[in-house]
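Let me begin by presenting the structure, written as structure tokens, before commenting on it.
Should a chain be cited, it is by its letter among A, B, C, D, E and F, assigned in written order, with residues numbered from 1 in that chain.
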Amino acid sequence: MELIEQIWLSSGLYQITPGRLVMIGVGLTLLYLGIVKNFEPLLLVTIGFGGILSNIPGVEIATGDGLLHLTYVVGIETGAFPLIIFMGVGALTDFGPLLANPRTLFLGAAAQFGIFATLLGALALTALGWMDFSLREAAAIGIIGGADGPTAIYVAGQLAPNLLGAIAVAAYSYMALVPLIQPPIIKALTTEKERAIGMVQLREVSKAERILFPLVLLLLVAALLPSAAPLIGMLTFGNLMRECGVVERLSHTTQNALINIVTIFLGLAVGSKLSAEEFLVPSTLGILVLGMVAFAIGTASGVLMGKLMNRLSAQPVNPIIGAAGVSAVPMAARVANRVGLEANRHNILLMHAMGPNVAGVIGSAVAAGIMITFTAG
Amino acid sequence: MELIEQIWLSSGLYQITPGRLVMIGVGLTLLYLGIVKNFEPLLLVTIGFGGILSNIPGVEIATGDGLLHLTYVVGIETGAFPLIIFMGVGALTDFGPLLANPRTLFLGAAAQFGIFATLLGALALTALGWMDFSLREAAAIGIIGGADGPTAIYVAGQLAPNLLGAIAVAAYSYMALVPLIQPPIIKALTTEKERAIGMVQLREVSKAERILFPLVLLLLVAALLPSAAPLIGMLTFGNLMRECGVVERLSHTTQNALINIVTIFLGLAVGSKLSAEEFLVPSTLGILVLGMVAFAIGTASGVLMGKLMNRLSAQPVNPIIGAAGVSAVPMAARVANRVGLEANRHNILLMHAMGPNVAGVIGSAVAAGIMITFTAG
Amino acid sequence: MELIEQIWLSSGLYQITPGRLVMIGVGLTLLYLGIVKNFEPLLLVTIGFGGILSNIPGVEIATGDGLLHLTYVVGIETGAFPLIIFMGVGALTDFGPLLANPRTLFLGAAAQFGIFATLLGALALTALGWMDFSLREAAAIGIIGGADGPTAIYVAGQLAPNLLGAIAVAAYSYMALVPLIQPPIIKALTTEKERAIGMVQLREVSKAERILFPLVLLLLVAALLPSAAPLIGMLTFGNLMRECGVVERLSHTTQNALINIVTIFLGLAVGSKLSAEEFLVPSTLGILVLGMVAFAIGTASGVLMGKLMNRLSAQPVNPIIGAAGVSAVPMAARVANRVGLEANRHNILLMHAMGPNVAGVIGSAVAAGIMITFTAG
Amino acid sequence: MQDDLIAQGVELMLVGMGTVFAFLTVLVGATSLMSTLVMRRAAVTANAGGPSNEELAAMSAAIARHRRKSTN
Amino acid sequence: MQDDLIAQGVELMLVGMGTVFAFLTVLVGATSLMSTLVMRRAAVTANAGGPSNEELAAMSAAIARHRRKSTN
Amino acid sequence: MQDDLIAQGVELMLVGMGTVFAFLTVLVGATSLMSTLVMRRAAVTANAGGPSNEELAAMSAAIARHRRKSTN
């Protein structure tokens, strides 16, 4: 009976390709890391599952009229999802520690060196003929060093949609691996004595400062770097809703239902770029390597900046908190705190590390704006 | 004054047609069933109200640029709404009872006979010249026997959009009528003694089994029946979010805000297919009759399968729980429990009936995949 | 180095225009009114912030592929956002006081005189050659007198999208200024003695009346004024979900997550119409003046109707509550209550004022339907 | 032409306000009628003893509200 | 042609139900196998003492559930 | 051409990091200035007695937060 043959011909066993099999394995691995190892579960579980769905043969899910492809077109190509997530991040972020000690912004600046070094690295690989990245692609890859998921996805969607899957996976994977990547680098660049440095208690920050900061930041971006305005605009909007205190119901929904809904579909949509055809290409390997380098350099430059600030400033600065400048909020700050405790068990650096940590979010959004200004033109 | 005439000419009283009047009555009836009789209120209230709105003359609501029509195009034609609802169903479903006693899956399989018998019935009516259903339409009508709203809407949207209104109304109405439809059939096919059979306590199911089951199910569908992957994929994604325990905030939003929002617009969009022009056609009558038949046959074959399993298996199986195999979660399981208590007031079948009940959801999704494979090609 | 020049040329400082500077100031003013003065914060904060984003030079936010422009196209041009908000308003509205004393609907009717007087005013300004409003534009401006945000935005989106920004800003600003605008008008038109009139306790309203009222209202609109059906339909749908008691989870989500999400994007989308090019035009000035007039006339006619009803009816009617007929829920009712307390410190008018207050919502939706019938044709 | 515009406006104002009042008058009538019928029916069923539709509705409402607390 | 339609229907019914049963039979097998492996593994690790993956998962679940209460 | 690409990269790196530092330096300045003004203002109004804007904001915040508990 030819109906039974039809079932066989339309089955996955018949249509499966080695590539899709590998990618389903990759998806399962991301699920394992998210669920069992508890690495960035919100993203690795959704991206991993989306990756599996995208590699099921013989059905339109991540292509054509499939739900994941429609979600990608509606939410990522437009930039809507990463921007809405950024609004949610703003609504969840407490800029208090940064306001209490604005100089920590310099640590957030230094850590962005990872972005530009990686850009250069990507171009070098191309010059060497090992890879073939355009300037826009190199810029998008560099943003992995920003250690900020929505920023990386937003920039990749703008400059190099073809690399978005690999870039998003690299960004979230390395953010998840921060506890493994950062400590050795921190310890290699600092002495036991430096890591034991205690820092002075942060001052109270008034309601008015919290309300005015997002506006100051937005207006500066508008004046100096408009191409960063979409990202910074949504970040500051979310933060203003959080701090102004008169739209609590909007802030509450932004921090919960809205960001959760968008996270689910963002993850699935990113997963739709994990199809074997798009993901199993040499450039992915290059991106994974470069992304790791970006994280390492970003961490290192943050720590070195911390050492410099400790030299120059009157008040002591523990260089460890410089590592939190890569963002990867709040993981990097927690890591800094833990490394600090190892050196001095009475030294609570968490709040001090939150300053550079959130500064890193601003820093990479600014770097993203610069990349877009220079390469999108 | 011709302005007053203009009001009169644009009024409903002037433009109303008998058909629209009838359909407004139908909408009010659905509201009555939902609100007063408490039959599937979440869907009958939204569909009923949408049906009323769609039959208001002289204004674009369910047509052109009207909100309900836009919602239909965006949410149903794309298949997005039923798939998102299915994700929510997955997040709300506890597969524990099924895992404790996997053989109940056979009950969920048997109950799908209603689907294919109805398909045949629809073709027979066509052969007799009483109706004129294509193979695709017959397949979409058959899915009513799956007793699963989102599956029926998804398949109808894919295979027979023109019948979607009638199919959705039939599916939800009969799901609502399960407490009236099933008991007589169960009693006709079983002896008092059979209905009194007690079943052994279900074993504990470990966290790991709960986490692995959705993945096993998804991979099997991917390997054997990819056309069922969109439905099963979203169902298992929702269930994995529920069980994996590391994305509680996503699971919580999926079970509440997200599924509620989509339910509202799904109901209104389905209601938009209740316009007199589309709904008041002979085929609707055929669909209502066939849907009832589908439910009856599905229930019967579930019960008969229960009797067979009771014969064959070492452990006793109360055939009543076979009726829950049609899904209609959780109504059918509650009905089975009640019928069981009538026969033996110490016999709590609820958890035993939940197994076939959720198996029925999987079964009808699988049947949907088969229908699409064979007819959409 | 020409990269640095490129940064300068793409900076806001280089590209800023006086108009955009002014509009950023306007945006900051709206934020100030919302946050510090607590005037309609949910809308003024979101609209104000959107207005600032829309005037950042050199980046697509409120234009082209920018998020705010996409939101405007998807949510406002389609009418979806105001209609969904109206559904939420319905789910948040208690029609009990109106049901206990239906005659208060007349107060809601009288207050709509502001709408039509303003329409005439707009046409007069055009006849005088001071402004140049078409009939459709005049109608859209008039609706500001309805003191109902979503209705104004819906009508403006339908009849005069080019004026939407100014109309929305005027509507919400004057709703925020109700506590300043209304008391002097009320006092000018009433004697101390009239304002001291006590009213008889409202009767209990049964569950059944609450459930049937939205249906009665919808069916009347369907019969007499279908062009008001989209607005009234969503309002009554939301209210039925609230009152029917069997879809609490949908009602809860509609009152919280859904209305909050839509409010955020509605505000940003409205803000996208505050770009200097569209907002800084003479017509805006005319709209602001006419809107103020509309509010004043609406308040006055409501109060005068109250005096008339007090004369004619057996039971005493405190004319103050007529002012609440403009809607601006619940602000106008609170204002009426406060003015009443000034005249008689034992006179609690709040619940009596809620009747005309919600009647005003219905009244302006009806007026909107009339405007669309007469001008959209 | 401009006077014409004014004329249109005046006509629209008169007819418009007329329609608003007419509609809301009908609504007052319909609402009052509805309430009367409901209350009479309630009285009847109350004497009859059996729970009336509105009582059923009220009950299911109470139940649902209770449920919601747990589900939402 | 109509008989042909019926024939199609009959064939579709037979193959369809056959496929449903075949698929769910495989699912029963796979599920049972999965459960067996998990339970054996759990037993082993239980003796070995170290927390098994499923225990880890269970823990993180508990933690996450606790977290949610505060965040959501 | 490839050297050219490298050259571009180097230039982009230098200008990029320069811009990042320049921008964040300005932000540090602006933020500090803002804080200073706010604190001075707070001091003044504190002496003046009347509640300052920030206190008003704080109050309304508290109120709103309280409201939210009931509404959301």
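In this section, a contact is a pair of C-beta atoms (placed from the backbone, for glycine too) under 8 Å apart; a residue touches a chain by one contact, two chains touch by 3 or more.
Just so you know, these numbers come straight off a predicted model, no measurement behind them.
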{"item": "Shortest path length from chain E to chain F (each step joins two touching chains)", "value": "2"}
{"item": "Of C-F and A-B, pair with higher C-beta contact tally", "value": "A-B"}
{"item": "Length of the line joining the C-alpha centres of chain D and chain F, rounded to whole Å", "value": "51"}
{"item": "Mean-CA-position distance for chain D and chain B (Å)", "value": "33"}
{"item": "Centroid spacing, where centroids are CA-atom means, of chain C and chain D in whole angstrom", "value": "21"}
{"item": "Junction residues of chain B - those touching two or more other chains", "value": "3, 7, 35, 38, 41, 211, 224-225, 244-247, 249, 252-253, 256-257, 370, 374"}
{"item": "Chain D, residues touching no fewer than two other chains", "value": "12, 15, 19, 53, 57, 60, 64, 71-72"}
{"item": "Set of all touching chain pairs, with the criterion as stated earlier", "value": "A-B, A-C, A-E, A-F, B-C, B-D, B-E, C-D, C-F"}
{"item": "Contact footprint of chain F on chain A as seen in their complex", "value": "98-99, 102-103, 105-106, 108-109, 112-113, 115-117, 119-120, 123-124, 126-127, 135, 138-139, 206-209, 211-213, 216-217, 220, 224-225, 244-249, 252-253, 359, 362-363, 366-367, 370-371, 374"}
{"item": "Partner chain C, residues of chain B touching it in the complex", "value": "3, 6-7, 10-13, 15-16, 24, 28, 31, 34-35, 38, 41-42, 45-46, 49, 52-53, 56-59, 61, 65-67, 70, 256-257, 260-261, 263-264, 268"}
{"item": "Chain A residues touching chain C - in the complex, by the definition given at the top", "value": "78-80, 83, 211, 215, 218-219, 221-227, 229-230, 233-234, 237, 240-241, 244-247, 249-250, 252-254, 256-258, 370, 373-374, 377"}
{"item": "List of chain F residues in touch with chain C within their complex", "value": "11-12, 15, 19, 53, 56-57, 60, 71-72"}
{"item": "Parts of chain B lying in touch with chain D, wherever the complex brings them together", "value": "1, 3-4, 7, 35-36, 38, 41, 256"}
